[in-house]
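Presented below are the structures under discussion, each in the form of structure tokens.
The same chain A turns up in both complexes below, where it pairs with chain B and then with chain C.
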Partner chain A sequence: MYQYDAIDQEIVDARVEEYRDQVARRLSGALTEEEFRPLRLMNGLYLQLHGYMLRVAIPYGTLSSRQLRALAEISRRYDKGYGHFTTRQNIQFNWPKLVETPDLLADLAKVEMHAIQTSGNCIRNVTTDPFAGAAADEVEDPRITCEIIRQWSTLHPEFAFLPRKFKIAVTASPHDRAAIAVHDIGVRVVDDPEEGPGFEIWAGGGQGRAAYLAALVRRFLPRARLLSYLEAIMRVYNRYGRRDNKYKARIKILVNSMGAEAFTEEVEREWQQILAEEAPVDVPQGEWDRVGAFFDLELPPAQEAEADDTHPGFARWRDVNVVPHRRAVYANVVISLKPRGGIPGDASASQMEGVAELADRFGQSEIRVTHQQNLVLPHVRRRDLSALHRALVELDLATANLDQASDIIACPGMDYCTLANARSIPIAQSISARFDESREAEIGKLNIKISGCINACGHHHVGHIGILGIDKRGEESYQLAIGGSHDENAALAKVLGRAISAEEVPAAIDAIIEVWMGHRLEGETLPRTVQRVGLVPFKEKVYGFVHA
Partner chain B sequence: MSKVMTAQRLHDGIVVFWRDGEWTESVLDATPLDEAAVEMAMAEGRADQAENLVIDVGLIDVQLQADKPVPTRRRERLRALGPSVRADLVRAQDMEI
Partner chain C sequence: MALFTPEGLVEDQAIRVDDEAPLPKEGLVMVSVARWFDAAKEEPGRIRGLVLRTDDPVDGLPPDLDRIEFEVERFTDGRVFTQARLLRRRHGFRGVISVTGPFLPDQAAHLFRCGVDAIVVPDDVDPEPWARTVARFPRYYQSAARGVGVRI
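And then the complex of A and B:
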């Protein structure tokens, strides 16, 4: 894992003291709320439906066991004993007191963490594959690229006041687990047989009220030129992105209004100018090597034998939640934060401490947060799987449902969020409670994603089934869409029809699944079936049932 | 329709409601305000905001149920009650979402 140097620590410590002074001045009245609001937001502190909410950055979703213990302790000391893991691979605390937040941030800084750039119109936390450095199919560890981008984008003065927030995702595998197609910039690490190590660069993707898939703006960028090229994209966006209408301010609107070709030409022109006229921001190979060394984990030898286990639920859990590792004697283990009928993404302080303990025992003291709101132990010896499973059962964290119908992404919705038009979590609960292991085994992989408003924090545009909460004459209603996908076959879900009530949603989900299973070919995902047969059979079944 | 004055406490962000010159955490204990009382209450609320005790002072619509004010809009009921998915954090047990 990357470790702070003296400069990193100094920056974070100084920021805590600056913020402490800002809070003191707000409480004394020296700062008005209007003056203080942008300052607190720059430190990840929102004012939500029930109180303040602090969003803590987890760079590219990687945590040490020490950091996870610290988050557990913070949730006990400053919050109500739990945290919520988000689709940006971060964690949110829902109940901190303003007066205590400087101490909270100081405690975070002790474990090399902060909340800088988790809000505001700046470059947000860079996200990546949760199996980075451990995936069987990756070109290299994408976190090296993420860390280079993190250092470049942190407190970058030119990009502190962008037209709108800006999100970058990096993948290094052909199977995209970072959803790069729906990011402002998507970076795919490649090793071209002729041109060597480098990147594919995508731009202009995003969800929200108008969803777009990113356009490929450069098929190959040499590794050495990453930052100057990203800088060129940011400058074009900063110059031409709209600032008069926040709903049209994201780069996706710019790319699509200019056209991908014209946007790319503008970026290339800007890039050539950067290369010709300015001191290059690009980092030399030595710096790539230095950063890379932090992620160069030498795994101890392991025996090949995998222990048999007749423990109830083990076989299904191993088949569903265990993902191949780059070394056959190891495995990536996904710890589901989606108990059937439970709250997606929430973990109690005890569970966080329990996972930290298991990471120390079984997983090289490393934990990952996934954009699907689960946790991962990335380096588990296969012979330890049964012992790990038993321990997870004790923590109520052994739900075997990765990528199954009950593994639902849901934003906090109107239960917590001031922007939401409807609740998300109770819908997720009512759906996930209907699926047990045997039914999920019959159905296969299915991604359901729920957002409580058009801001799409629950990624409903790229769900196999996407659910959007809306306010229909004062009543919570839900619009269904199907056929979306966030991976290398990214697609936007198509709206099925009129919005339905909360009570009607679970039966409508059943109807969609029934139609899919009736029409699907061997191994076909729901998006593929939708592409092949269209929406009509789904509409007939869903609305036939709803109106019955 | 009656109204209740609400805000969030500056130092901890907790949602509060106006009850005869002070702030209470339970909407059921709040003072329902008729049209004539609204202006005077808001003046006091704004004064507390100026004193940095509370932020986001505003009015919400309520209906009286067994003489207790219950917000008419779901968002305000959730705001008064706490998250509907955490029974352990509910603030007003005898109010429904």
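And then the complex of A and C:
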């Protein structure tokens, strides 16, 4: 994985001192809360219901075992002994004290970590495929592109005060595991038979209040021109994105109000002007090679034999949580952070240390965070799978439910967040507790996603079943939508009907599943069934009658 | 008012003239774009600077002005960074680029790196926090319209 050089370290260390200075000026009263707010957000510090929350960047979701141990230690020293992994492959600490946050960041900097641009109206942490470098179907490791973008976007002087937040996702596979269609910019690494290495560029996707799928703005961009093209998109957005209404300020609104074609023309015009300037921002091939070398992992040889194991739970876990690796003798293991009836995405300090230990023992000392709030141990020898499973059982981390009904994404909701209209976590708990392995084996793959408000941090727009918490005359209520997905067949979920109470949600989920299982063709996902049969049979079952 | 520059505080010699007020006979006279279009016809050479807003375009401006100032209402209005960058690097403006508005010291380095020369600050400002932020980062990842520390 990427390792800091002296320049990277200097920048992160200087950022810690800058932030320490900002906190001191806030505490002394030199900065008002209104002035401090955008500054603290640009360093990941939120003010939530019960206090501050710090969001730490995990660039493109890759952690070393050393870094994960440091996060565990930080969670003990500055928090309540646990952390919360997020849908943007980051980790959040919910209970730090403001005065201690500069020290927390200094501790992070010792292991090449930071909280730079994990919030605020700037370019956020770049996300990617959690199986990067280990997937069977990738063109190249997408983290090379991510790291180039990370450096370019870090403390970018022109794009630190954008109209709104800005999220870039990168995939390098035909099967999109990075959800590029619902990002401000989506980058697909391609190797064109005629044009060579480069990118497909998408823009204007996003979730939030109004969800949009991104438009294709360039079918092929040569690799050498990535940064100048991103600069062109950012500049068009910075100049013309709305600033009068924060709910209309995302690039998706600009793209859709201009029209994708006019937006693209504007970007292309700006790009041509950039290319005509002296020294455009583009990086030379040598820099791609330098960064690429960090991700060039030589895997030790492994034997073919796969250990057979009959101990309880292993077979189902292997079938569900183990994902093919680019080499047949290896595997990628998903460690579920979704215990049935538990809080999605939480991990205790001892679990983090345990996973770090397993990454050293069975993997390549590397861990990934997925945008579905789970962890991945890449590069595990298949013959070690049973021993790894036993070790995960000891850590309470062997839940076999990847992409199953209980593998629920949920935002923090009203338990933590000041924006939320309703609770998310207890809804996730009440749903996931209803499904056991045998029921999930009958059902098959199913993604349920829950947001506690229309800002959609729980990605409900792209859930097979999306649940949105709303405030209905002072009551927490939940609106159901079905048929969403975030892969290469991305689709937005359609609302079923009137919102229901928290108590009614589990039965409604059962009803949706029952209708799907009754109508589905062989191998058909819920979104496909919804596309084919429409909403009516689902409405009938959930509400007992069809709404107008 | 004073100007905070990468070299420290200096006196601001600009005379900003409202659209309705008479033009002074001499000095660093600055007016709005609207006034410039009117006044340039009547009193060429008298106006040496323009005050722009963050929604004004920066192309097609007279090239021989001594100063162009961006007036910003909210410090979160990031359009000014793009305006300065384009004015300096794309349009090759060689005069002084200044900004006025409720900026925070924490924005000084970004402004300078985008090509701004001077930030308008109150006469009694404590320059220390401003100077600290400018000196904070030994290097950056991006090239800049001004400054050092280019890696890519």
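Just so it is clear, the second predicted complex is superposed on the first by the 542 of 548 C-alpha atoms of A that agree within 3 Å, B and C clash if a C-alpha of one lies under 4 Å from a C-alpha of the other, contacts with A are read in each partner's own complex, and residues count from 1 in each chain.
The criterion applied here is as follows: a contact is a pair of C-beta atoms (placed from the backbone, for glycine too) under 8 Å apart; a residue touches a chain by one contact, two chains touch by 3 or more.
Values in this document were obtained by computation on a predicted structure and should not be read as measured data.
Enquirer: Between chain B and chain C, whom does A:238 touch in the aligned arrangement: first, second, both, or neither?
Expert: Only chain C; A:238 stays clear of chain B.
Enquirer: Which one hits more chain A residues, chain B or chain C?
Expert: The partner making contact with more of chain A's residues is C.
Enquirer: Looking at A:290, would you say it contacts chain B, chain C, both, or neither? Reply first, second, both or neither.
Expert: Neither partner.
Enquirer: Contacts for A:29 in the overlay, against chain B (first) and chain C (second): which applies, first, second, both or neither?
Expert: first
Enquirer: So, A:156: does it touch chain B (first), chain C (second), both, or neither?
Expert: second
Enquirer: May I ask you to decide whether A:414 touches chain B, chain C, both, or neither, giving the answer as first, second, both or neither?
Expert: A:414: touches chain B, not chain C.
Enquirer: List the residues of chain A that touch chain B in one complex and chain C in the other.
Expert: No residue of chain A touches both chain B and chain C.
Enquirer: For a test of understanding, state which residues of chain B touch chain A in their complex under the given definition.
Expert: Chain B residues touching chain A: 8, 10-15, 51-52, 55-56, 73-75, 78-79, 82-86, 89.
Enquirer: Would you tell me which residues of chain A are touching chain C in their complex?
Expert: So the residues of chain A touching chain C come out as 7, 10-11, 14-15, 17-18, 21-22, 25, 30-31, 35, 38-39, 121, 148, 151-152, 154-163, 227, 235, 238-239, 243, 273, 277-279, 281, 283, 287.
Enquirer: Under the touch definition given earlier, write down the residues of chain A that touch chain B in their complex.
Expert: 26-29, 33, 47-52, 80, 96-99, 343, 414-416, 423, 425-426, 429, 474, 476
Enquirer: In their shared complex, at which residues does chain C touch chain A?
Expert: It is residues 75-79, 81-82, 85, 89-90, 104, 106-107, 109-111, 113-114, 129, 132-133, 136-144, 151-152 of chain C that touch chain A.
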